[in-house]
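Listed next: structures, encoded as structure tokens.
Next come two complexes, and both contain chain A; in the first it sits with chain B, in the second with chain C.
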Partner chain A sequence: MNNTFKTNRFAMVLKWLGPFIGLILVVAIFSLMPEVQDRFLRIYNLKSVATQSVIVALGALGMTLIIISGGIDLSAASNIALSSVIVAFAINAGIHPLAAVLLGIMAGGLVGLINGALITSLRLVPFIVTLGMLGIARGVAKWMAGNQKIDTPLTWVNELMAKSPQGLLLAPGVWLMIGLAFLMAALLRYTVFGKHIFAIGSNEATARLCGIRIGRTKLLIYTIGGLFCGLSGVMQFSRLTVGDPTVAVGLELDIIAAVVIGGGSLSGGMGSILGSMIGVFIMAFLRNGSTMMGWPNYIQEIIIGAIIVFAVALDRIRHK
Partner chain B sequence: MTAAPPSDLLNMAGISKSFGPTIALQDVDLELKKGEIHALLGENGAGKSTLVKILSGALKADRGRMTLASRPFAPSGPLDSRIHGISMIYQELNLAPHLTVTENIMLGREIHLRGILQRKDMRRKVEKALAFLNHPEIAPDVPVRKLSISARQIIEIARALVDEAVILIMDEPTSRLSREDSVQLFQIMRRLKAQGVGIIYISHFLEEVREVADSYTVLRDGQRVGTGRMSSMSLGGIIRMMVGQDVKELFPKIPHKPEGPALSLKNFRGKNMFSPLNLELQQGEILGVGGLVGSGRTEMLRALFGLDRLEEGRITVFDGEKAGDHCRDRIRQGMGYLSEDRQSEGLALSLSIRDNLTMSYYEPYVRWGFLRLGRQKRDADALCRRMNVKARDSDQRVSSLSGGNQQKVALARLLHQKADILLLDEPTRGIDVLSKAQIYDWVGRLAAEGKTVVFVSSYFPELIGVCDRIAVFFRGDLVSLRPAEEWTMETLTTAATVGT
Partner chain C sequence: MKKSTNRLLAVLLVMGAFQVGCGTGAGPQKRSSDESIQIAVIPKGTTHEFWKAIHAGAVKAAGEMGVEIIWKGPQKEDDRSQQITVVEDFVSRGVDGIVLAPLDDRALMVPVRDATREGIPVVIIDSDLQGKGYISFVATDNYMGGVMAARAMAVELPDGGRIFLVRYQEGSASTTKREAGFLDTITAEFPKISLIVQDLFAGATTETAFQLGENLLNRFPDVEGIFCPNESTTFGMLRALQEAGRAGQVAFIGFDSSPKLVAGLSNGEIHGLVLQNPVKIGYLGVKQMVLHLRGQPVESRVDTGVYLATPENMNEPLIQSLLSPELADILDK
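Our next item is the complex of A and B:
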């Protein structure tokens, strides 16, 4: 009896730890490397990893909803670049920085709304629509910026991603990311909207005959995805202190990879915010650790590529 | 132990197989002779699929021996089994929809000369096979997605013919076919039999099994509980063996009295229906709807529920309230729909039982915009108990349930949304006898509570056994509507196949 109690407890611990194992492994490996162990687990380094994760993490929060609903958003990175350009543009136009920030977020939301509207009204697959939007949003960003970086005067917006803010422990952007992650996790788990996202991703036909408004729900999902890209674009601008239309090329794949490493299924119906966040941090720690080790960029790319395949394979086995 | 007699085509002896702690098969024997149709019977989960998977090489037995034409046979995998002449036709058709008939039939068996396809030879072979199957009208160059389901079944069998199969395993081949197509399939099976092919036939349609099979083996809980000649065994005897107990009555009569208007259709015409129909349904009434696949029954049901557009006409519920436009509104008005295809439409297989149950009606659990998950779980667990769903708890995924239990979950959803008008499309398709009896009982009790049930089925005995009135569809029209007592199997079949 005592024994079963123990194994039950062990199984419980394993179930709770399950998603974290990859992250713990990555952190443990670098902590044991003699070359970097004295620097890797330092508060300063952890802070900078957290700050570096913000942009991908915000994108991943929206992408998680989209992927659970059985969709995909390839335009995420272009959307981020566009909104960073819009923020810079607005600040230079003399608008109050807060209004500029809101404008950037809204622009992202608008791109998402257009994605959603095209997907639901034209009945096109999300892959095609957002592939098109990847080009369109990037093009518009370059057009607006006259194909170059937009320099702006420094404002409080640039403090959002400051490495050591006063009295806050972590950058405001990091706090924002943490708060929004909790909010999205609650949205998915405790609201009807969240349940409907899972239902649509698991089986759209079932969702339809259960009376779920599929078009409206999808529109909302892609708009939320776009809003997060907009916010991510604000953070991008904050970090670079310029509006750069060529920034974040290919970042959509990092975002998608984070969701997938975290257990999101590209065929829909599966995924979690916690998982996606762990995915983001696995990749961030790998980048950070590899850079500290002095490994060249291509080694990082190979490792992350391998991790994606490995993590998904592992997840398959875990869910059997 | 015993040497296989020479006339035995296949001899499986002492086959055992476990999956972890669960024993799927225990010491099962099976003999199949040349030119014999052998029915493999049993409830869902009795071990039929495991047994034929071992034969087809998809699984390996833990213990036991197989001999094929008196030679020891131990397939290393599905391909090896195919090379030895064992062909399997699955319940879910395994065809590539975009490829042509020829390409599908010859898949993995292409005739080529140093890698160059010999299209003419392949075409000739395919035409020969289709002619043998009495279906020369199927064009070899048409993509399979353009064919009907019964034609696709023919393609699957043609594939087995091209393989020169000596043993054909058919898993529920008629569950998607109309009666007419089933009869044609039986003719084909008899022709194959005359050629010396041995057929292992798995089906839940016991009347059909009696019609076509020469011998039978019944499995229960992974053990063989009976085998013998079909002609020497009664239907009741087979059911007793399958269930291990007497099913008191397959169609329990629960007294109910139609009273008060529930649903009224005026000049109602849905997609693919030709002439409009008028129909009045009462509370506490069970209306059976029969007809062949594609006769318009499903189309009527879908238009009634608001899934397809109504071409013309008017639907009113209860006291003359007009039915809403979208199925969402009709759910609120008390309608509930059970899809004929629970795998691809009825259920979200990757989600939990509880989420599937409450998917159409979350309102009771919302407070301040948030869900009260504890209440949802409590209600879902209670529903599972009420419907006898065999599951650990309602957190279990629907995909891990057996067919019968999945169907109960889909039905329980209608209970949960408090449907008063239940539109059930083929509610007993592909599920075991015991679950069927439970569903018949459930439908009867609903009617006794004053609910209205529309029961669509291709299986006529259940229509006669369960319904108050039966309507028959033929080529998009309702051709006949009469009280159940006035119908017989013969008149139903005639109405469905000839239209009078």
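Our next item is the complex of A and C:
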């Protein structure tokens, strides 16, 4: 009896540590490289990595919900580009920057809402709906921007992602990311809505029989996912200082990879905010470390690809 | 289970040890001897021939001056956001200097400012940057390149004609200047030449330029001249002309060089290529940086020259060396 209790606890500990081990390994490897060891763990570099992670991390917060519910959002990166263009457009139209930021977030939410509405009302698979939205949102972004990047005057919005703001240790965007990560983790763990997301992802038919209103819940999930993309778009604009409709092409795959590395299952029912955040940081540290080492880009791409396969395989073994 | 926990602990301990170790050792201070000067050279991308030539020039300068260069482009070609990340990571690493070809004259301003604040000087090459946060700008006079292209076009079309100006990408300072030089000269000096297309952008890749070329040739089959402002648009348009069976019949002036474009020039499908000296840009970019680091004054603007290659002069030694620089020799060393 005592023994099984012990193994269970070990399994629990391992489950929690699993993603951490990957992150610690990546950090440890670069910390041991003689070329960069004195630089890699400096506060300045950690700040850089944190700031570079914000855009993917915000997208991953929403994507975690969607993937746990058994869905997927391929339009995330296009949505980020669209929101960033809308913020730039609005600022140039003379709207107050705060209103422009809210408009960008709302636009993201609207794209998510449309995704959710199409998925529930037309009973289409999320893959197809969001694949369509990937093209639509990107196209609208280019259209709004007149196929160009939009230059805007510098405002406080561009300080959201500034590395060394006054009085704060980290960029405001990083604090926002941390706060929202806690909020979403609590939402998943302690609210009825959170339980419903897991239930739908584990077995939609059973969830329906249990009286969960599937349509309404999904609509909310995709809208939240969209709102996060919108916020991520604001951060993208803040970082670039221009609204660029061609930004973040392919970033949806980074976002999905982060969730998957962090233990999210593409067949639904599994995943955690903490895991996804660790997934984001594994990839960010890998990029950062490889660049500091001066490794060519193809090495990074191969390593990250291998890690995705390895992480999912490890996850399968853990859950057997 | 226990083993893996132990190993984890060991790794953590080692990490801790290193952190303590470096607290007293190598800090952010500059290295004293020249052998250990490290310069990051950041291109806009790594696959175009043009950037390989810049790389070769940078390697050559590094060899001559006895410094080390780290060559690293954004992970995705032409991705502004990722180029910012690369600059930040090299600032974090604490290289002695950064030589940067900015993808955007505006978006790279903040990271360059941050680098300067951290005490890392920046030399800008190839494309200009807004603001004055850098020590020197080494590039082709791109406007002059456009002017030369316009005059070459007029030589090919002495009686005037209908032509395309195919633009590259919005926000790319170097090509925008070439387009402006071309446009201004055509309208001011050659009123008989009329532009039927002048506001379309070919985009970043050969493929997008190829498609635009095909569509334009379908729409305007009677075009008599075409100017393209960089290598990828020139090659994409050349492919479109070849597919349409019009190559050689349309006066075609391009910009930059690659083996395929040289072949086009020698078989009469291309009538002129405006050439920069990318090896020299890479070479002088690194050299200016090293001179600055050694405390010598550097010029704030260095012009690396433009040249026109035509089927007639393409075998002259100078043009030959610009058309087909011996990159492999330099890069293998």
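In the analysis below, the second predicted complex is superposed on the first by the 304 of 320 C-alpha atoms of A that agree within 3 Å, B and C clash if a C-alpha of one lies under 4 Å from a C-alpha of the other, contacts with A are read in each partner's own complex, and residues count from 1 in each chain.
As a convention for this text, a contact is a pair of C-beta atoms (placed from the backbone, for glycine too) under 8 Å apart; a residue touches a chain by one contact, two chains touch by 3 or more.
All figures in this text were calculated on a predicted structure; none of them were measured in a lab.
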{"item": "Side-by-side fit of chain B and chain C on chain A, or clash", "value": "fit"}
{"item": "Touched partner set for A:249, first chain B, second chain C, both or neither", "value": "second"}
{"item": "Partner chain(s) touched by A:31 [first = chain B, second = chain C, both, neither]", "value": "second"}
{"item": "Chain B or chain C, by number of chain A residues touched", "value": "C"}
{"item": "First (chain B), second (chain C), both or neither touched by A:120", "value": "neither"}
{"item": "Touching partner for A:155 - first (chain B), second (chain C), both, neither", "value": "neither"}
{"item": "Contacts of A:205 with chain B and chain C, given as first, second, both or neither", "value": "first"}
{"item": "Closest approach of chain C to chain B (Cα atoms, Å)", "value": "16"}
{"item": "In the complex with chain A, residue positions of chain B that touch it", "value": "305, 307, 326-332, 337, 339, 344-351, 355-356, 358-360, 362, 366, 369-371, 373, 413"}
{"item": "Of chain A, residues touching chain B in the complex", "value": "186, 189-192, 195, 198-199, 202-203, 205-213, 265, 269-270"}
{"item": "In the complex with chain C, residue positions of chain A that touch it", "value": "10, 14, 17, 21, 24-25, 27-28, 31-32, 36-42, 44-45, 48, 51-52, 55, 147-149, 151, 158, 162-163, 236, 239-242, 244, 246-250, 287-288, 291-292, 294, 296-297, 300-301"}
{"item": "Parts of chain C lying in touch with chain A, wherever the complex brings them together", "value": "1, 4, 8, 11-12, 14-15, 18-19, 22, 25-27, 40, 46, 70-73, 75-76, 78-81, 84-86, 88-94, 104, 106-107, 109-110, 114, 118, 170-171, 201"}
